[in-house]
Amino acid sequence: MQFTSDNAAAVHPAVWKAMMAADAADAPYDGDRLSRHLDETFSALFGRECAVLWVATGTAANCLALSALVAPHGAVVCHREAHIEMDEAGAPGFYLHGAKLLLADGDDAKVTPRTLAAVVDPIRDDVHQVQPHAISITQASEYGCVYRPEEVAAIAAFARGRGLGFHMDGARFANAVAHLGCSASEAAGDIDALSFGFVKNGGLGAEAIVFFDGEAAKAVRYRRKRAGHLQSKGRFLAAQILAMIEGDLWLENARVANAAAAVLAAAAPERLLHPVEANEVFFACTAAEREALRAQGFAFYDWGADAARLVTAWDARDEHVSALSRALAGL
Amino acid sequence: MQFTSDNAAAVHPAVWKAMMAADAADAPYDGDRLSRHLDETFSALFGRECAVLWVATGTAANCLALSALVAPHGAVVCHREAHIEMDEAGAPGFYLHGAKLLLADGDDAKVTPRTLAAVVDPIRDDVHQVQPHAISITQASEYGCVYRPEEVAAIAAFARGRGLGFHMDGARFANAVAHLGCSASEAAGDIDALSFGFVKNGGLGAEAIVFFDGEAAKAVRYRRKRAGHLQSKGRFLAAQILAMIEGDLWLENARVANAAAAVLAAAAPERLLHPVEANEVFFACTAAEREALRAQGFAFYDWGADAARLVTAWDARDEHVSALSRALAGL
Amino acid sequence: MQFTSDNAAAVHPAVWKAMMAADAADAPYDGDRLSRHLDETFSALFGRECAVLWVATGTAANCLALSALVAPHGAVVCHREAHIEMDEAGAPGFYLHGAKLLLADGDDAKVTPRTLAAVVDPIRDDVHQVQPHAISITQASEYGCVYRPEEVAAIAAFARGRGLGFHMDGARFANAVAHLGCSASEAAGDIDALSFGFVKNGGLGAEAIVFFDGEAAKAVRYRRKRAGHLQSKGRFLAAQILAMIEGDLWLENARVANAAAAVLAAAAPERLLHPVEANEVFFACTAAEREALRAQGFAFYDWGADAARLVTAWDARDEHVSALSRALAGL
Amino acid sequence: MQFTSDNAAAVHPAVWKAMMAADAADAPYDGDRLSRHLDETFSALFGRECAVLWVATGTAANCLALSALVAPHGAVVCHREAHIEMDEAGAPGFYLHGAKLLLADGDDAKVTPRTLAAVVDPIRDDVHQVQPHAISITQASEYGCVYRPEEVAAIAAFARGRGLGFHMDGARFANAVAHLGCSASEAAGDIDALSFGFVKNGGLGAEAIVFFDGEAAKAVRYRRKRAGHLQSKGRFLAAQILAMIEGDLWLENARVANAAAAVLAAAAPERLLHPVEANEVFFACTAAEREALRAQGFAFYDWGADAARLVTAWDARDEHVSALSRALAGL
């Protein structure tokens, strides 16, 4: 029973269906009928003009988005637990040509204007010091916590006040929106670019980079090709994304995953290390307890010596969730 | 009737089937059962130890392979019509951190030891001059021509003699092998790394980087992730590749494409600009003739003012090929 | 008797004097009194607002200047004999993060709107092709030839019409101005940035990057430090440059060098491969003739099998020039 | 009375003399008589084979040295107060093509095997995590403290055990050796490369990169030119360095600076924030106290809100040092 990650879950049947429907040859790269429909689809979803590029992975989405906001001699300010810092093998350094990540603190892997200021304000406008060019936050955060619209707004105001770009890593943006019960636009707020994830939510290999500033998107079209991310059969990536947006499948899938996490959280509320707002559950446990769970057939990651991480996905099976819930309660 | 490119052709049914069979969640990235089978499969195919990494595109395959052979202060020697020079948006400059491409001549987009020497030999061992670190050739070439094993061997000898790495861009390696009627190993010769293409030959979005030196592959595993090319549902890329290798589907598909090109070539032999050895036909024609062909429903690329390019794929339909053949003969 | 290069000539006494006068400790980097005087000095010289940064070498000057005009995914168009292409060890690839050099033709190592168009115009606005972002020309050219103001103006018009930046490598700008007998401003024309060379003209290790667009200079101040080119005792670089500008020493020195080259050119006019307009003489000669000259004590570079290059400097000694002139005439 | 930094102090008369003696034209770049003497000079000094390259700045020295030890996908482990992290404008990111700096703790800006292990050991051999490739320490440290030979040896053993390269930033290496009273070789220990600083110790603009592995130096010769750091009149850099080594001027100058710092330290021992072992004094003081000192004519840097930094140089004047000593005692 898999609770290791949502990143290797099955592909949703509607995604398969849309991909196969796209089989007939069309124009290569992003010249096909489906890819050309993305801007319109997301503009409708967000209620404002969007320029949208597909790529296969979240790392590529994050780094290409940031490449529009950060010069090689600049820096991105992000949480010290941010995916771009911890899990992308230095990809920002590659895509941004050596730009730095400056690390901010904050509970639940969420930054605040205060923790951002603690990083940004001591930096003198002095050529010896790397200057911040943009802020990147993760919605939902790496600890499965969600920025509320007013929190995003406060960070956006901070960014504007300091002349910084503002990017959102939305690998689990769907889970955040499902939790907030608001619109996609309200959950994103006044950002410049969003990495809108689908792979963890029922897709196969397609994420959307959503630019709310069309000018920024232009250079990234060149950079995407230059990074080897312009697939020639791009219609299959567009098909996945459109299938997820259509009929709000992205929200429906996220709700399933979030609900499963809530069930698990409810089983051992006193053990939770972070509020469970999306589809991740971090809970305190001993090595012996982890062993006991694994002996019952549950797969998951250790989180240091005294904790573990459970992740639920769109394809969570009720009986698995119930079984794990009981096991947690019984620890 | 599409003769524009093989890069947007349909996906072969066996590939779809293999992908869907891989749907059940497995370990993420390349830890799944299928990805872990790649080294063995290719080692069997080539009759020597291989280390194999999947990526989604030929550009990523070429550039990651070259990153194992070329330092940032070095250069790749390639034909001046090479895909890495002409069509990859400067991706080698990105992946190799500013290394140069040094351009060699040669008929049919094929280099020879003589044309390579004309580039390499005038370079003094002087820090002011960028030094060559590797050679890259394309099999089949950008003009649809195939290096014979003895030609590859001569280039390999040149590379060894000069202390240079040797990479082969095999976006249409299958077409080359089908033409030669030899083994994969004979067609590849003594190279260090091969970009083995599947997308143009019935795949959806998966190419194999085949290293014949396991040490070189090690750093590239890090570089692949760093470039955002390590897909979390990598099992679907491995599935495509294994489906293509199984039962020699790769060869079967390439034979179909090559045969269709041969039919077209035979229709207007006096117009051919290059020998037709793979699945591309370059032929002289006027703008009026191109217009006439398009009026009959044929899609293809112009090739400068006085020529055109036709590309056939694994899904070439006999009636389309026959129709175009008649149209060419009737020009 | 040295005619190898002007790049290793002695340092002018006025430069030494200015350096020693700057010995007393002042603010580090470019915060000292002399460095802060550069903008004003060059603004007066060019008759328009300048922002000026010192660096130690022409390669750093060229590449930092270009970094303000060219994005990593773009290209510089330059002559195929340009110093940035031939002699800088791939420095543009390093500083521009993999941007390409696109090579144009032209007599005497000079490009023209026609030869530039031959490179630029075939490039489609297609993400597969590297797009030009700037033009770089060398004044005087690598063959010792000088762009006349109307030639620069025509290239500037071409650049503006295509939306391209325009950089001038002025390693021998002084020699060009001395030849033209015009103002510095007329010789530079409507460029965005100039690498104004002093090392070949009596300096020790200081060149000026002159930006005619202050905004562009801002980022380059960060990039200069990031490249390790912000010397802490920068006052000694500023001192060199100011000493060269003061009393038009730069022009005086260049006139001496140019005059010496003219004497040599006059000795064998029928052998000249290029007009001798600055301080370089390229002349046809056999290996035996070169040997004969060297036997008489003259040092210089071969230029391929059938030619040689002579370079004169500000410290050319009349008796050496006369001796070589006689020897050339006597070949 | 300047106590701001040693980086803008005057140039030692012996250095001026050596530079002027090098004025006569010699071979350009590092082909001159003096540059060719460096390997031998340093091999004698360190009692083992060295390959030595000059550059103008410590930032260039550090980053070029590290470029021989760290691949673009790797990382350097250094103290979180290290100059390469704090004061070089992201230069390591530029020179190492996006490699990361991983930050270790330690008193007095010195790392230990324990603090290094705290950074290195949690890193799994997993492609998602940036792997350490080298360690860099600063001798003397950024807080003016000196690694004793046994401390360097322990770090070297740690590096060897983990397969990591080992670099020493010796911007104030002379001050460290002067403090230790040992040989240069003992103070450097078993490192791969040393940035041996001269600019802060009486030089004008020349530092030595000393490689104890000749193979590593080879690629760096290309990289130095590619970074625009190969000055054409390199003889003037070699002259500075040789003048400093000759007769142990480097040690003599460092002793003067260290002695001055010791005088200052003795004036207010209870205020010291770090042991004063080289030529830097960090001491606790209020804003009012700093103001009082400045009112008496002393220039220095604040160090946060509650401290200040004093730096002494080879040209420290006794009367200034005495005056400041009295002022400190009288606070």
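We call the chains A, B, C and D, going by the order they appear; numbering starts again at 1 in every chain.
Rule of thumb we're sticking to: contacts are C-beta pairs under 8 Å (C-beta built on N, C-alpha and C of every residue); 3 or more make two chains touch, one makes a residue touch a chain.
Because the structure is predicted, anything quoted here is derived from the model rather than measured.
Chains that touch both chain A and chain B: C, D. The most distant chain from chain B is D, comparing centres defined as mean Cα coordinates. One inter-chain figure worth recording: chain B and chain C are separated by 42 Å, centre to centre, where each centre is the mean of the chain's CA atoms.
Computed from the mean C-alpha positions, the centre of chain C lies at a distance of 34 Å from the centre of chain D. Distance between chain B and chain D, defined via averaged C-alpha coordinates, is recorded as 49 Å.
Of all residues in chain A, those touching 2 or more other chains are 72-73, 88-90, 93-94, 97, 127-128, 222, 225-226, 230, listed in ascending order. Taken in their complex, chain C has these residues touching chain B: 72-73, 75, 86-90, 92-94, 96-100, 127-130. Those residues of chain B that touch chain D in the complex are listed here as 29, 71-73, 97, 127-128, 131, 219, 221-226, 230. Contacts from chain C toward chain D in the complex involve residues 2, 4-5, 7-11, 16, 20, 23-28, 32, 55-61, 63-64, 88-91, 93-95, 199-200, 204-205, 222, 225-233, 235-237, 315.
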